[in-house]
Amino acid sequence: MCRWLSYRGPAIYLEELLYEPKHSLIDQSLHALEAKTPTNGDGFGVGWFGARKTPGTYHEILPAWNDANLKSLAHQIQSTNFFAHVRASTGTATSRANCHPFSYRNWMFMHNGQVGEYHKLRRALESRIPDELYIERKGTTDSEAIFFMMLGNGLEDDPVRAANKTLGQVVDMMEAAGITAPFRMTSVFSDGERYYALRFSTDDRPPSLYYCDEKERLILVSEPLDSETSSWKTVPPSTMLMVDEAGKVELQPLTLQ
Amino acid sequence: MCRWLSYRGPAIYLEELLYEPKHSLIDQSLHALEAKTPTNGDGFGVGWFGARKTPGTYHEILPAWNDANLKSLAHQIQSTNFFAHVRASTGTATSRANCHPFSYRNWMFMHNGQVGEYHKLRRALESRIPDELYIERKGTTDSEAIFFMMLGNGLEDDPVRAANKTLGQVVDMMEAAGITAPFRMTSVFSDGERYYALRFSTDDRPPSLYYCDEKERLILVSEPLDSETSSWKTVPPSTMLMVDEAGKVELQPLTLQ
Amino acid sequence: MCRWLSYRGPAIYLEELLYEPKHSLIDQSLHALEAKTPTNGDGFGVGWFGARKTPGTYHEILPAWNDANLKSLAHQIQSTNFFAHVRASTGTATSRANCHPFSYRNWMFMHNGQVGEYHKLRRALESRIPDELYIERKGTTDSEAIFFMMLGNGLEDDPVRAANKTLGQVVDMMEAAGITAPFRMTSVFSDGERYYALRFSTDDRPPSLYYCDEKERLILVSEPLDSETSSWKTVPPSTMLMVDEAGKVELQPLTLQ
Amino acid sequence: MCRWLSYRGPAIYLEELLYEPKHSLIDQSLHALEAKTPTNGDGFGVGWFGARKTPGTYHEILPAWNDANLKSLAHQIQSTNFFAHVRASTGTATSRANCHPFSYRNWMFMHNGQVGEYHKLRRALESRIPDELYIERKGTTDSEAIFFMMLGNGLEDDPVRAANKTLGQVVDMMEAAGITAPFRMTSVFSDGERYYALRFSTDDRPPSLYYCDEKERLILVSEPLDSETSSWKTVPPSTMLMVDEAGKVELQPLTLQ
């Protein structure tokens, strides 16, 4: 289980959300409250959309809480749309290639959760990744596999359909493999313009996911950044959050295929 | 604050103490119970006496809990006298040079605790390190400075006197600098034959230090490795533990000079 | 292209071959003479057979030439059979999981060379890895894929046959994929008792491989460790080197299947 | 010996100088032509002035040539004034704290060269660093010590005087210590507005330093980035380069005090 944060809105410095809040993501890397484990120290990553078509990324295998590079980057970099992730490995190695966010062309993706008994399903998941994407697979996580499955399922054309289709495929494959452990997932993905997040589980315990939608700012977090709980709303289970053309946040049920 | 463990006795594999106990040092790197913070993820190190005159050392800036190298080394290496340390930085950087144990020639030293307001005293502490040792200083911690002060105070000739003298000097320097924050310390040091540990504080809250002395095995730990508390004894405050010529564990009060 | 070294014989300290010779493997990490590039700084690894059934391993993403851990380990560890490898990436990431030697149970393997246009063949190679081994795949290199293919082809039962069969499969798959870039490879693999090495290429430029067989010591190297060229013999192309039951070094042609 | 590059002019992406030229700084990290050693793989760093008062920095202990973070940052970040440095250690450890550029408040500094027999002089150099700066010393290099000496000598008020005074002090201290090995140095330092560089040696072999001053762009490099040597001019020995109020590059002799 991991902790993550994503922002969409007027340009702000990354540090405003990564470091400044009382229960900032950096604080959550040591003291997560709503995760299985309080410590998320198996690497981290940030990704941000700036002046370029593709997002910038910085991944590191050290814990986030003491990383001077992250501190400097978060002080310097402004973005209208960024992702940040602190990792608690559920079995795979601590390597940069296993750190979120993952990116491909202009798409960025990150994830918290777990495919139950992933070691039994890794090969099947990977088999759904098209050849031209497979050669881009750099790590060994279930998260990156799901991202490439989504890309293979048409993420660039119809993100909602691709996400629903991918979730459905994973659920089917788990059933086929006789896996009863749950598939739990929160995720966010964006191409810098379109923006989506989802919360899902095959059991009744999806990972936590909150959002705050105020003053043109949309913030998504695994855990609230402060105790002003009034401003944080829960993303309901089996729900996709998206921003419509008018910039309005919209929630709709997932419809697995 | 950090957590550490030291062993002296018949040769055992390092993993027997580092990994196997329920509340092993590796477990303490994530879930310390008697420290200010449960997480000790700012690097780690092991040192061991083997067939060579000088101890072997392995230091790493990653957290210990997921380090495959440490796991393999601890499975392979046997020793009659070894040190292991998981670090929680109290301000200085995460670098190999700041990871314990420190070694010089055939001496090895590690430490838990803190010199109060060290940033005000660093230069003064370093001024007590003799020239020929100063060029060996690789990091920036108070711990390494204290080790080199002890060497400068005759550690190789009279370890007990050198330790007492060094503690006295630090206390005096803190007073001279008007520092009222406490100086707290547990430490162990050995040349592979002689073996010493100490527990000290200028206030009434020295860091925890336990020992288990059974069947020719002496184990020193920041926290007990299991819940069989009967076998773990507390090293009293202001006390030095040492092993006499007959191999018997002896406790005596510190006598700061 | 990488540089490697392997030893089999009476127990010696690793440093005797890693550091002490004029053109030691550490020197080769900066100044390789017979490789495409002089620098092999994309991580390194050592593996050794000791008192345990499985080999010990130490992998690091830093260059070998300045690694204090490696220096200390090589000074401390003795072995009758060890591998060491300095890596120059041919495209895949610098991560511990991509550093040689690879190990599985009691087998250890390392490799120098390249499967031509590997990015086109990675999926096909991986498809030949049996399920129970596939979940052990931690990196993304062709080298690790070949090792697991060899294991799947019966390495533990008949190493010579497994190696020949695997090479044949790779050659066939490259042909099927229309790849004309060469497949070049030197490799060594051992379970601590049995010991094999091979030199192969689909063109007439296999990577260099030398051996020195004197006084019960067998040393295999990508490049000679010193200029006493008299003692270094070339392993001929398309040849497998093995040690027979009487401890005698034997060379025999590869017979791809 | 190291290689470095610095830019001052209209905002450009860092990659334009770090990656795109034929003999870019990244190429120089593997294939330096005018340095003692071709390989500069003991860590690297970049620093840049952006929208903030203090410069951003990114330091890493891995070689620059394969660092995906650097590649992404250099693609994203634009700056009117940036520094980049690839390191070849002359003895001190590979750690982030020893990687250039160094920064303090709004000043940034980097360096190539060496104080002869630095191990004999380290303590003396450090003794010239004022207390309030000494606590900021994070590494162990001569480079960082010289930067803090310059700050102590009034860098913020009169950079030219501070540099000359510091060089003079180092020379005097070396003489007093009976050191005959040369003190060689190229350096650049800036607060984002004022901009200075210098080339110096106590013998007749100062490290190479070139500049290109065209179309409002000032580029300083240890080695030319391409073979169009016509555009690269040598900074003469014992010379300080500076940009005057009108933006014009000016050279003047160093006047050690």
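Which chain is which? They are A, B, C and D, in the order written, and residues in each are numbered from 1.
Here, a contact is a pair of C-beta atoms (placed from the backbone, for glycine too) under 8 Å apart; a residue touches a chain by one contact, two chains touch by 3 or more.
For each chain, UniProt lists the protein as follows: A, B, C, D = Glutamine amidotransferase.
In this text, all values refer to a predicted model and were calculated from it rather than measured experimentally.
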For subunit C (Glutamine amidotransferase) superposed on subunit D (Glutamine amidotransferase) via Cα atoms, how large is the rotation, as a multiple of 5°? 180
Comparing the two chain pairs, does B-C have more C-beta contacts than A-B, or is it the other way round? B-C
Based only on mean CA positions, could you tell me how far subunit B (Glutamine amidotransferase) sits from subunit C (Glutamine amidotransferase) in angstrom? 39
Subunit B (Glutamine amidotransferase) touches at least 2 other chains through residues 68, 93, 96
As the complex stands, subunit D (Glutamine amidotransferase) meets subunit C (Glutamine amidotransferase) at residues 30, 37-39, 41-42, 61-63, 66, 68, 89, 93-94
Contacting residues of subunit D (Glutamine amidotransferase) [partner subunit A (Glutamine amidotransferase), same complex]: 48, 50-52, 54, 56-60, 68-69, 72-73, 75-78, 96
Okay, in this complex, where on subunit C (Glutamine amidotransferase) does subunit A (Glutamine amidotransferase) touch? 93, 95-97, 119-120, 122-123, 131, 134-135, 137-138, 140
